[in-house]
Structure formats: structure tokens, C-alpha cells
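First subunit A sits with subunit B, and in the next complex the same chain sits with subunit C.
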Partner chain A sequence: MAHSRVTQWATMTRTWWIYDANYQCPFKTAYRLLPYLQGLNKPVYHSDSDVGDHVVVFNTKHIAMRGDFWRTFKHFHHTKFAGGFSRASAWRVHEMDPTRILERAVYSCLAGVETRKMMMKRLHLYPEEDVPEKILENVTGQIRQVQIVPKKLTDYSQEEIDKFPKLFEYPEDYDVEGYKRENRQEPDQHTSMKWRLK
Partner chain B sequence: MSASIVRSCAFAQQMTLMTLRTCATSVYHVSKRNYDQYRMKYLREMYKRRLEVGPEKERRRSEWINWNYDSEIFAFGKRLGEEFNETTIKQAFIHSSYVEKERAKRAELGLNLKDLTFDLEDNSELAEKGADLISNYVKVYLRNMYPYFFEEGICAIHNYLVSESMLSHIAKHIGCGDLILSEDFPVLPSTLSQTFKAVVGAVLKDRGQEKAETFVRDFVLPQLISKDINELWEVVNPMGLLTAVLALIGKGPPEPRLLWKSGANTIMALYWVGIYSDKQLVAKSPGETVTIAEEMAAREALKKLMKTEDSRSPLILGRMADNLKLDYKKVNMSAAEVLKNYYSQLKKQNTASA
Partner chain C sequence: MTKNLIPQDFLKNVLQNGVGRYVCQLQRITFRFCKSHGASRHMRDFIENHLLGFSQKNPGVAVYLQPRRHRAPSIVAEYLNGYREVLFLSDKQPSEICKWTEHLRTRSGVQIVKMINNIHTETPSTQGIWHPFMFTDTEWAVTKFPNKKLSSVLKTGKTATDIILDEQTEALTEGVKHCQINNK
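After this line comes the complex of A and B, so read on.
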């Protein structure tokens, strides 16, 4: 058996990487994943050859968008029939499919790349942490997150919260519990009528 | 022949196109005044006939009129940069079948061979001496270049280099094919290889051993360039041999460990296995399965111990080898002996402990 055969095998192998999308910006994340999907880190890289790695992304449901993007960032679609145009704001799209925002972000990053569809097949997206065991067994590398995961209010103990210096009192009619409720008041002018919440 | 006809057909077509094109700027252009309408038909006919008749019969170069055997023989020596004695080099190209044919010819003519002096001698004696020299020198050179390589490996490379196919390949490419006088045509590989040996024998006879060895070094040994010598020798149980060799040099037994793996559930699974001895990494290798990777790592470790890794320095050939001091009495270690010693010792230890 030739040693050159196995070294060839090792050269052409596809490494499996994992990425935690918890509290990560989907657009920055897309740029972070690109070199792995395209195989830019490999000496055998060529834009025409399909030598990229596999990337497993979990927690896509928990991605974070900066500014007002959940409301203002839009996804467009046209069925190519008359009146077939529709648009939906990011939060609505995310509600329908929690992997869609990240998938489209990566897909649009790869614009102009001929092997884009092959690369997208190698991007495995999971909304929650429950990645199948069979997929996890393949994984050997981890990709660094693009931003630090913030500590939420729920992560602090009641003791710590009480100890924090209170600078002012909320007015009596202030809705303190508001953040816990589901937001059904959003008029969402950015989404087509068809996709708006009834 | 047929190819040239096709080419000329294409050329004719191109010419027609060129005439149709207006060419006002070219001063030297002479327009064609005919369309040559029968040329294509003629060429088609010739092509058809050639297909019917079949390809041209292969002939000896000497059947053509512009053939001068003496000057070709002279040029052969000059091409290789060797000074040959003319009679010796001519003898080197005479195959025994040619001598027999000549003898038969004379007998047919009714000549008594006993009365006539028949001074044709074939190259078998030269070839025998040449073969001895090639075989000897190749082994000595390899043993000196790879002092830690096992004798079995040296023999495997030697067999590869002095094989009939290799020697006939060399003979063909230094231009022996046309010069050989033999019954068989096209010349058989066995005849070519014997001729090459005879040419080496001729160098030995005319110029001495040193020059003959240089000849072998210049024409036979470069065939190893870009050849993986470790693949020429097939080790059946690399891990067994590695265990014995490590014991011989006073190191602990080999311990394979999985270093890295990827895509374990896919068809493109990859495993890297490293071999450790006394907690020190000896060698590592990839593989499609753990078993393959382990075996390849054992082979890598052996290569490292034999100092025949892929990163080894190239063979010393050409002018750099002019001042090479070779030890002619050197004999490398035999793998079979190492294994025998190791396992007999192991057996003794087992019986002592029991």
C-alpha cells in the first residue's frame, strides 16, 4: 500500500466544524463561516474546485441582530407570477423558519461563487442544541464565535439583582413585566399582508 | 500516412477559404484562379485506398539506403561520451541469433565452415561480464547510499533496476534498437536488455572497471529518480518488524494511538494514528480506517528508522558522485535475521518465565 495514497486521502478529506450561533450576529457569522465552507484555509484551494469543509451550526434560533434589524431587515420573494412579490421582516421569517436567516445570510455572502449550492449542502443548521448524535460524531473542530455572549438578567441570581445599586424608582404605571409577554402589538409595515400575523 | 492525408485535406480546405477572403492590404498575396475541385476527391480516394491496404510494414532502419553502420556505431559512442574500441562495440551488438543465421546462410551456400575462418562472435560473453558488473555495482551503491535500509529492500531495488523491462527501456532510449544485429524484428525486450549488458561489458573491456561503473551510475541508477524505493520492497507485517527493530535499538515496544479523526460516519472518514515508543512519537500517518492508518504509521516508523523517509536527500549522481568513496564490502542488516533473533529471544524469555 502506498503511503502517497493515504496522504492524498488526508489532503482531500473534509473536516467537520461546529459553531454555536447563540447570541451571534448572522451577517458577521456568515463571513466567519465562509473560509471553512470554501476551503480557503487549505493549500489545495482553488476557486473552481470543491474542497470546502462541513460546518454544523446549532442554536440558530437564538441568533442576535443589531439595531432595529429584526424589524427592518427584510427578505424578499417573487413567485414570477403577476402580483407574486412578497416581503417579510426578519423576525417574521425567523418565526416561520428559525434557520432561514442564517442560511440566507451565508447564501448571499457566496454570491458569484460557482460552487455555492454545493457549499450550502455542507452547511448543517440546527435551531436548537439537539444536534443528532450521528452528526456530532463527525465533528472535530470548533469555530470561534464572532461576539461575546452577553449575560442575561435571568442569569443573575435574585441576590445579585437586589445588591445592585438602585438609582431611581419606576413610575407606578410603568410596564415592568412587559418584556416577558409576546409582542402581538407590532403593526409590522415591513411584511406583506399575506405573511402578517392575524 | 493516413494522418498526413487528413491534414492535407484540412489544409486544402483552409486554402480555399483563404482565396475567398478579400485581402486588399497584402501586397504579396497571389490569388488562386481555380477551385481545385478534384483535389479533395483525389485525397479521399487515396485515404480510402490506404485504409484498404493497411498500415506500412515496419522495417529495419538498415533497410533504407542512407544507412551507414560504421558511422552509426561511431556516433553511438560519441553520443554517450564513451571511447569504444570498434571491434568490441560491434561485437556488443551481435546477438547469438544473428550468428546462427549467418552460419546457416553459409551452410546453405555449400561452404565448408571448417575450412573458412568464421570470425563472428556474439555478445553473450560481454553481456555476462556486464551483467555481473551492473548487479554488483548497483548493490554496492545502494548499500552505501542507504546504510540503514534492510538487505531485502536493497535486493528489491536491485531487482527492479536490473529487470529485463528496465534494461530494455534504457537500451531503447540510448539508441541501441537500430544497431542490434539479430533475427527478431521488432527487437525483443530480452535482446535489448542483453545488448545493454553487453555495452556495459564493452566499456569494462575497453575502459576498465571505474569507467564501467560510472556508465552504470549515469544510465541505470537515475531510473530511481522520483521512484518511491519503499514501495519496491513489500513488507508484509510492518508492525512485527517495527517491534523487532525497536527492541534491537533498545527502545520500548510500539504503541499506536489515535491522534485525530474526522467525518467518522461518512464515506470520507479520516483517522490519524501515531506510533509511540517510550512515550515519544516515532511516526504518524493518516488512513481511511483505524487499521489502515495504524499499518501505514508502522510503515512510516520503519521508513524513519531505515532513514528512507520521503524527505531524505536525493541520490548522489552525476558529477557530484565523481569523488564518491564506496565501501565495496559493506553488507546491510537483514530483516529476516532481525526478526529471527527477536522471536527466538522472546521464546527463550517465555520458557524461562514459565
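After this line comes the complex of A and C, so read on.
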């Protein structure tokens, strides 16, 4: 076949996928992205051959963590110099770099994979929705999210809120307006003051 | 990576060697040793006892002896194609030196590399080979990404909120029916 050479280009080509991280768990997301980065979704996959795809992730600033993980989940780093250890809670890391938590989650998922660093280079993370047009024009597929994006109270109209069945009466001393006030949770005790994660 | 450091090549050999007659590809072999150092002890032993037999058996190979002060013993083999191979044989027994000498003599002079070969098939797929867009939905070709519909989780079953709202509507309709009955 004269055109078999060209069809082979099509077989080995890297496609681009896009993923919306809005209200998504970073750890579940990492597992969802793995097969696309490694090329496990292709019939031509082999662990020795580098056939992974590009994955573009946007809205990484708006990821959602399960339970109390924003406070309790830690990132560790050691510079290998004396006293070079530092750790920081997820919220602090997220404040520093809104793409870092997802990046580290994927990176740790790829533990033991020889081509991990090359795969990480094919993972493009954007904190907000503004993905550059140059990146976006390559995208040919969408990866489905891992969890349902919740509808917030502000998304409901006042009419819908009023119409919703009242299942029970609040006790008289219940703080109904509490959610409107500033969050005054105790500060995070487990983050070292001189954090310098890199 | 390690994989890329090892040289790789297709299978090569000196063509037609042995078709008419065999030509020994090893042209020159140099034994380098020290006259005093302990590491060359067995090499000196080999030269005394085995080397003459080797050179008599192989008149086509030029044998050189090169004493070098306080250097590790080694064998340098030079082949017809210009390839040069060096083996360091510190503290190796004469029997082992004999074995390596024989190894170098019988080699073709082609560098030892990781062998690679072209993969092809005599029976290509009649369905056509796979490509990334083979089993994708054709609708994706005209979709602008990112797309909300393709992104959101496929909802299966009812959430707790849905169940409550359903119960409410049921209750309301029943209430309406109840009222209608009462009115009658």
C-alpha cells in the first residue's frame, strides 16, 4: 500500500484532550487522567513505547478536596541541606500555586513509570478557564469529569428556595445565618512557618 | 536514559566471508602487560606457556607484545574493517585469557550493539490500522472544546434532593386529588 506510511503517522500521532477540573477531586482526577497520559486507551499501547497523549486541564484553581483535606493534607519537601525540610497544608500550597496540587497528584500516581517526566510535560495545567488559543486549537476530545458539579445555593433562584419542601423545623437557638459570616476556623497548626516548598 | 546510551543497529556481518574461503577478520592482536606488577602475573604466564601455540596456529594474525610499566594488562584486537577492541584482564587466569583471545580471534570485527529490526507484516489488516479517531463519536468533529455536555458526569439514578422533590410533587398531586374528592 502506497499510503501505509501516512496511515502509520495517524496511528502514532499524539492527540490532545481537555479536562474541566471545576469542583473535581484532584486525586480521583489524577487516576482519570492517567490512561490518557500513558496512552493506555490505545490498542497500540506498550509500556516500552511512548504513545501518551497531551492532556489540558483548566479550572485547577477550583478543585474540590474531600473532607478536611484542605487543612490536613500535607505537601512535603526537603532541599537535602540541613534544616531543609518543609511542609505545608494543601490550602497553603494551593494559595502559592493553584496548579500544584493537581500536578503533584498526577505525579505521584505515575510512580514507577519510567517515562513519568515526559508524561508530566504533556500535562498542561491552567488555573482558570482562559486556556491559550494556541493550545485549545489542538484539542480533539474531552475527558469526562469524575464527580457531579454541585449546584450552589447562589445558583438557585429565590423562588426555587422558597418552593423547596421544609423537612423539619430548626431549633430556636440554631444559627441559621452562620454561613453568611466570615470563616473563623482555628488556624492551621501543622504548617511550618518557614515553608519553602519548591 | 540508559536505553539510548547503548548503541543499536541492524544485524550486520562481513558479507560472503566463508563462501569461497574463510578469512580471519582479526589482523593484529597486542598483549599489553607489566613485567613486574602482580596484576600481570597471569598474563606473563600466558605469554610463556600459551602464546606461541596461538601464533603458530594462526599465522594470519600479527601478534605484538607490549610491556608497559605499572599498567593493567590488556589485549587489543584490531580487525580488517578497522575496528579496535580493548579488553582489560587484570588478575585473570591464563585459561580465561586463552578464552578471551579465542573470542577476539573468532569475532567478525563488527561492534557488538543492541540489535534492532524493522517490524512489518505480510498480512496487513483488511480493516485498516487503528488511528485515534477511529471509534470516536463523529459529532466530536464539529464540537467546540471544551464542551459542557461531554464534560459533565453522566447522571445515573436519583440524588437525595431528587427523591425529596419527587415525594413533594407526589404529595401535592395527591393533595389536589384529595381536595377534588372532597369538593365532589
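Everything below uses one rule, namely that the second predicted complex is superposed on the first by the 168 of 198 C-alpha atoms of A that agree within 3 Å, B and C clash if a C-alpha of one lies under 4 Å from a C-alpha of the other, contacts with A are read in each partner's own complex, and residues count from 1 in each chain.
Heads up, the rule we're going with is that a contact is a pair of C-beta atoms (placed from the backbone, for glycine too) under 8 Å apart; a residue touches a chain by one contact, two chains touch by 3 or more.
Source: prediction; values computed, not measured.
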{"item": "When subunit B and subunit C are modelled together on subunit A, clash or fit", "value": "clash"}
{"item": "Of subunit B and subunit C, the chain that contacts the larger number of subunit A residues", "value": "C"}
{"item": "Contacts of A:Q145 with subunit B and subunit C, given as first, second, both or neither", "value": "second"}
{"item": "Partner chain in contact with A:K134 - subunit B first, subunit C second, else both or neither", "value": "first"}
{"item": "Subunit B versus subunit C as contact partner of A:V176, first or second or both or neither", "value": "neither"}
{"item": "Subunit B versus subunit C as contact partner of A:I18, first or second or both or neither", "value": "second"}
{"item": "Which superposed partner A:S4 touches (first subunit B, second subunit C, both, neither)", "value": "both"}
{"item": "Partner chain in contact with A:F58 - subunit B first, subunit C second, else both or neither", "value": "second"}
{"item": "Partner chain in contact with A:A111 - subunit B first, subunit C second, else both or neither", "value": "neither"}
{"item": "Which superposed partner A:V44 touches (first subunit B, second subunit C, both, neither)", "value": "second"}
{"item": "First, second, both or neither for A:L167, with subunit B first and subunit C second", "value": "second"}
{"item": "Where subunit A meets both subunit C and subunit B, residue numbers", "value": "1, 4, 7, 10, 13, 15, 140"}
{"item": "Complex contacts: residues of subunit A adjacent to subunit C", "value": "1, 4, 7-8, 10-11, 13, 15, 18-20, 42-44, 53, 58, 114, 131, 136, 139-149, 164-165, 167"}
{"item": "In the complex, subunit C residues that touch subunit A", "value": "1, 124, 128-133, 136, 140, 143, 145-148, 150-155, 164-165, 167-168"}
{"item": "Residues of subunit A touching subunit B in the complex", "value": "1-4, 6-7, 9-10, 12-16, 54, 134-135, 137-138, 140"}
{"item": "Parts of subunit B lying in touch with subunit A, wherever the complex brings them together", "value": "228, 230-231, 260-266, 268, 270, 272, 285-288, 292-293, 295-296, 299-300, 303, 310"}
